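Consider the two complexes below, in which subunit A is the common component and subunit B and subunit C are the respective partners.
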Partner chain A sequence: MQVSFLSPTARGADGRASSRKDDQDMDLDFSDLLGQHQTPKGSKDFKDGSIHVVTPGETITSDTQFMRGHGTYVEQEKLVSSVAGVVERVNKLISVKALNTRYSGEIGDVVVGRITEVTQKRWKVDVNGRQDAILMLSSINLPGGVQRRKQESDELQMRTFFMEGDLVVAELQAFFHDGAYSLHTRSLKYGKLRNGSFISVAPALVQRCKSHFHSLSMGVDVILGLNGYIWVSAYVPQNLDEIDTEQVYSNKNKEDISAEDRERIARVSNCILALAQELMFINDTVITFAYEASLQYPLKDLIKQEVKAAIANEAAASVDNLRG
Partner chain B sequence: MPTNLISPAERDYILKGVEANVRADGRQRGDYREVSIETGIISQTSGSARVKIAGGTDMLVSVRAEIGPVLVDSETGDGADKGQIICSVECVPSASQGWEGRGADDVNNELSQIMARILSSGNAMVDSTSTDASSPSATSKPSSTPSSKGGAAGIDLSKLCIIPGRLCWILYIDALILDYGGNIIDALLMGTRAAIFDTQIPKTQLQEFGDGQFDFELQDDTEDMVTIEGRENMPICVTLNKIGARYIVDASPLEELVTEARLTIAVNKYGQVCGLQKSQEGCMEPSLLLEMIQSGKTMGQALIKQLDAKIEAEAATDLSMRMQGKPPQKYGFFAQ
Partner chain C sequence: MLISLQRKDRASLEPAQGSFSHHRQHGLRIDGRRTTELRKIRSITSTLSQADGSAYLEHGNTKILAAVYGPREVRSKTNIIHERCYINVEFSMAPFSTTERRRRAKTDKRMLEIAQFVKQSFEPVVLTQIYPRSQVDIYLQILQHDGGILEACINATTLALMDAGVAMEDYVCACTAGWIDKEPALDLNSVEEAQDTSEMTVALLPKSGKIALLQMEARLHVDKLEEVLQLASDGCRQIHTVLDRTIRDRAEDLAHKMPSSS
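Up next, the complex of A and B:
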């Protein structure tokens, strides 16, 4: 049995920290750290090096002419940061962009979420946001006809549709007055997730695209939730006209997921995590590139940090090639 | 994300994946994730280690050596010439949603007790064959009193005694669990071993005043520190999670939710079983239990060997840095 015991490396190292041999290794280079976290690869911002890093409670400026933006508050006429991150200024407006945030949604977003609670006429759904999103009983497709009105009996058997722990893919429909998200699954694209595994990445890494449902060429389906929750599953041929509405709420995985299917799903999952580790944007093209790059490694090596970095770098090179 | 929630479809996928020997992250049943480990990062302690398992689990283990009164068993009079080891584990509430408020109390108690049981059991030298033959129903080893050998999980407690009947070294092993990504117990014991290996305590010199009065002197010289005697005999843990008819090592959080029964096997470097702890509601066949103990032993032995190689390599690097008059290079909390 082989277990790799590693020494830690500096955050956002890119191999640099481990190769540095100078005596001042202990004073870590913050611009390195933040440049990595702030801007996914390929972004051209912050190249001038004038990064102002703040921690919560740190005074940004005592100049009263500035306005407070996101991530800041005013205390004793001073502008103070409420998060750890990088100061951004647009004219007189100062805001702090946090290094790591929860998902903040927009209407129309495709999200993957997990049911946390079943209450009166609604489900609460964890979508990696500041509070749980809400899925109303009236915002789902009831079995037995898309246009059926909801009845009292439906209310009593809500758990037959979605139970605590179930994973769903849904669309963000509206905001409640307290800022909570209202979701809906009123399309056959949306609903319960089966036949695969769940991974989670930073929400900022998933870009808004035309489609977040992808059937990749290697026979793996991927749903990229804009909240950073991603569902990787075995390929299921979809014909939206012929879906049995009873099947939408089934908990049964399909019978014939072979070991090869599982390996492909695991490989895709690890490729996505590799891209996330190297803070690269995640979309179907990059995933495919990463998958191709990963084929030279055996599956069980893909959990290694070093291999992940290599795969992500190769995928980044492929993307650059594509751009020309 | 909310822990302790999993959908029936995921449960089925993981169950069948374990059966097919392809786990959700591509590992096979017996594969560990990468472990990163760094020792000597907290200067206020006698020894410390930080252990991270790629994928989440992150913890800090510290060993603090203090001088205190010996603990004498009022019935047997045992312990007058022994030091003590006191374990405490604390989970940071922000690490997992289930640990908010009072939620972590149970976990803290459970982990502290498992650790204390493994480390304070005097039976580190239990003959491995006798454990195999023991009845499968004796699933958890009761915390036993230190045996006549005076060993606590291999550590020679009598060497920690300063003035017999009065003063001894007390080793406080404190662990802080900073993040949860499954398989906490194994990481905890790896960290403890690394921290104990990092620990150095000052030499003491006993002075006798004649009329049965003793006092001692601490030697301040940092060159004159001693390591903990018997540390290489300390056990580590291998936790096997039974899922379906099979078992896996190093479970991820979702896999832990699917686990029916869990067996933690404490093993020392000779492959001797130093403790067993069975948790969760599920059950296992006697034949499977024996198989699990057997593979726990071989895995644990291999694990200790590789862990020791890592600890020694780090100690050697630190020493060579010191020889050059430079501080050892530590990443500590800036580590990835």
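Up next, the complex of A and C:
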């Protein structure tokens, strides 16, 4: 059992695998440091105590050499947990990772969000965080050609770009002083979402990867937002050189989405929900395996709990096979 | 996730004879408990799929469902607090929760008061300053009313907030105690409450022993206060072990199920 579930998948990355081993060694020595702490019941299952579960108000360590991270606070020189979750340590920084929380972003994250409000010069976007993120008019690609300055007329027609309820994919650009996120869509990868369906899973299940835009082999595009919002859409051939900038903000779906395409989108969506139900990491490989496993069931059975569990188990087995 | 700290309620085995009264038989209360005994507590977290955190709590025959949404964007601009989060508590009782089927108005003063008590006991315990300009919504619904609804509300809210991963200094554990028949008694049920008893609700932070809430509406002789308060505090500590078991089991369960990347 590994300590950190935030580390990226070991898809052939040897360098990463070895560095993770070091982490584990550190955790061993960490649990010795916390020897005074009462180990939780059933901790014998936790191999070498590397999973250390704490609940709010529980003292993690009274050693003053450690620094206070997320999910902890200091009281009378003791480091105390403020959430129920797993203790994580990076050198001298101790944090507690709650397992079921809202999204907490980092700069560079790809997120999927829904416009909740249009105000002067900015949109508010629900990204499953503790505040709505902000998308400034100055941080979107304005239609009508290459880089141009925003004008007053743009401000007046903001609803023609994004309206309340529209779904967008964007990148987290910066934080405001109060911790709110500032987004941008200044790339043709980002922008308004069309031709598909939206699903929401726990943010902890989507890992940071090289790419969050995937075109799956069954002819379905998937955008895995790090905030747990996922967009599953019909395949659209992308040629970044020939995109009509006027079409970027269009509200029209493409016309030729066949019944089969729609069925595939529904199947992929349900597969992702099945993986989420079984708390499995969600990435393009696992989705493909789950999709293949789901083909033996009719589409309408995919909402059944036991079918979902079976699909997720089969996908997990395929992943294990792949890794050998 | 069934937690049985106390003996099963023996009400069914030893029904009260004649009218409802506190007169004990063999030193037992109307539902067969001793004076210092809690009712059976069962609790489950993450019962609702759409809420960020939720909990179902049974305290004897009192049953309650709590849902927590947030921290999220403030719904109404007037509620924005720049340096901390706003906590909103809504309390309701199902029409079928009491012996007499009755729909209660949203403006029922007793219900608003309970919501206010819950809000006041959690505001200093939730680390609100790390969620500036946000809002935490807490929705409480009584499904079955058998006394001690305030204590059940507070305990269920504690579980639901922790399930939602909201940062808190400590647990908030609540318990009632009262004075029945010249003796202090722990955790009164609705029959005991209905008689002319002085009942006290105490919410305690078990780690520091601080009191988050102390509520009493009837008269009680000051000499007896200490004893009743002590009994209720002991009850709070017992409840803490039960709630902690639920939270810890859930966290360990999740920690195991959460995928490892190897």
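By our rule, the second predicted complex is superposed on the first by the 229 of 324 C-alpha atoms of A that agree within 3 Å, B and C clash if a C-alpha of one lies under 4 Å from a C-alpha of the other, contacts with A are read in each partner's own complex, and residues count from 1 in each chain.
Keep this in mind: a residue touches a chain if its C-beta (ideal position, glycine included) is under 8 Å from a C-beta of that chain, and two chains touch if they have at least 3 such contacts.
Because the structure is predicted, anything quoted here is derived from the model rather than measured.
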item	value
First, second, both or neither for A:Lys304, with subunit B first and subunit C second	first
Which superposed partner A:Thr116 touches (first subunit B, second subunit C, both, neither)	both
First, second, both or neither for A:Glu88, with subunit B first and subunit C second	neither
A:Ala98 touches, of subunit B and subunit C: first, second, both or neither?	second
Partner chain in contact with A:Asp178 - subunit B first, subunit C second, else both or neither	second
Contacts of A:Ile51 with subunit B and subunit C, given as first, second, both or neither	second
Touching partner for A:Glu292 - first (subunit B), second (subunit C), both, neither	neither
Partner chain(s) touched by A:Arg262 [first = subunit B, second = subunit C, both, neither]	first
Which superposed partner A:Asp284 touches (first subunit B, second subunit C, both, neither)	neither
Shared contact residues on subunit A - subunit B and subunit C	1-2, 4-5, 7-10, 17, 116, 126
In the complex, subunit B residues that touch subunit A	1-2, 5-10, 12-14, 16-17, 20-28, 30-38, 50, 52, 54-55, 254, 298-299, 302-303, 306-307, 309-310, 314, 326-327, 329-331, 334-336
Touching residues on subunit A, where the partner in the complex is subunit B	1-13, 17, 23, 25-26, 28, 114-116, 126, 128, 163-167, 192-198, 200, 251-253, 257, 259, 262-263, 265-267, 269-270, 299-300, 302-305
List of subunit A residues in touch with subunit C within their complex	1-2, 4-5, 7-10, 17, 20, 40-42, 45, 51, 53, 55-57, 71, 73, 75, 80, 82-86, 98-102, 116, 124, 126, 130-132, 178-180, 204, 207, 278-281
Residues of subunit C that touch subunit A when the two form their complex	46, 52-53, 70-73, 82, 85, 127, 131-134, 162-171, 205-207, 244, 247-248, 250-252, 254-262
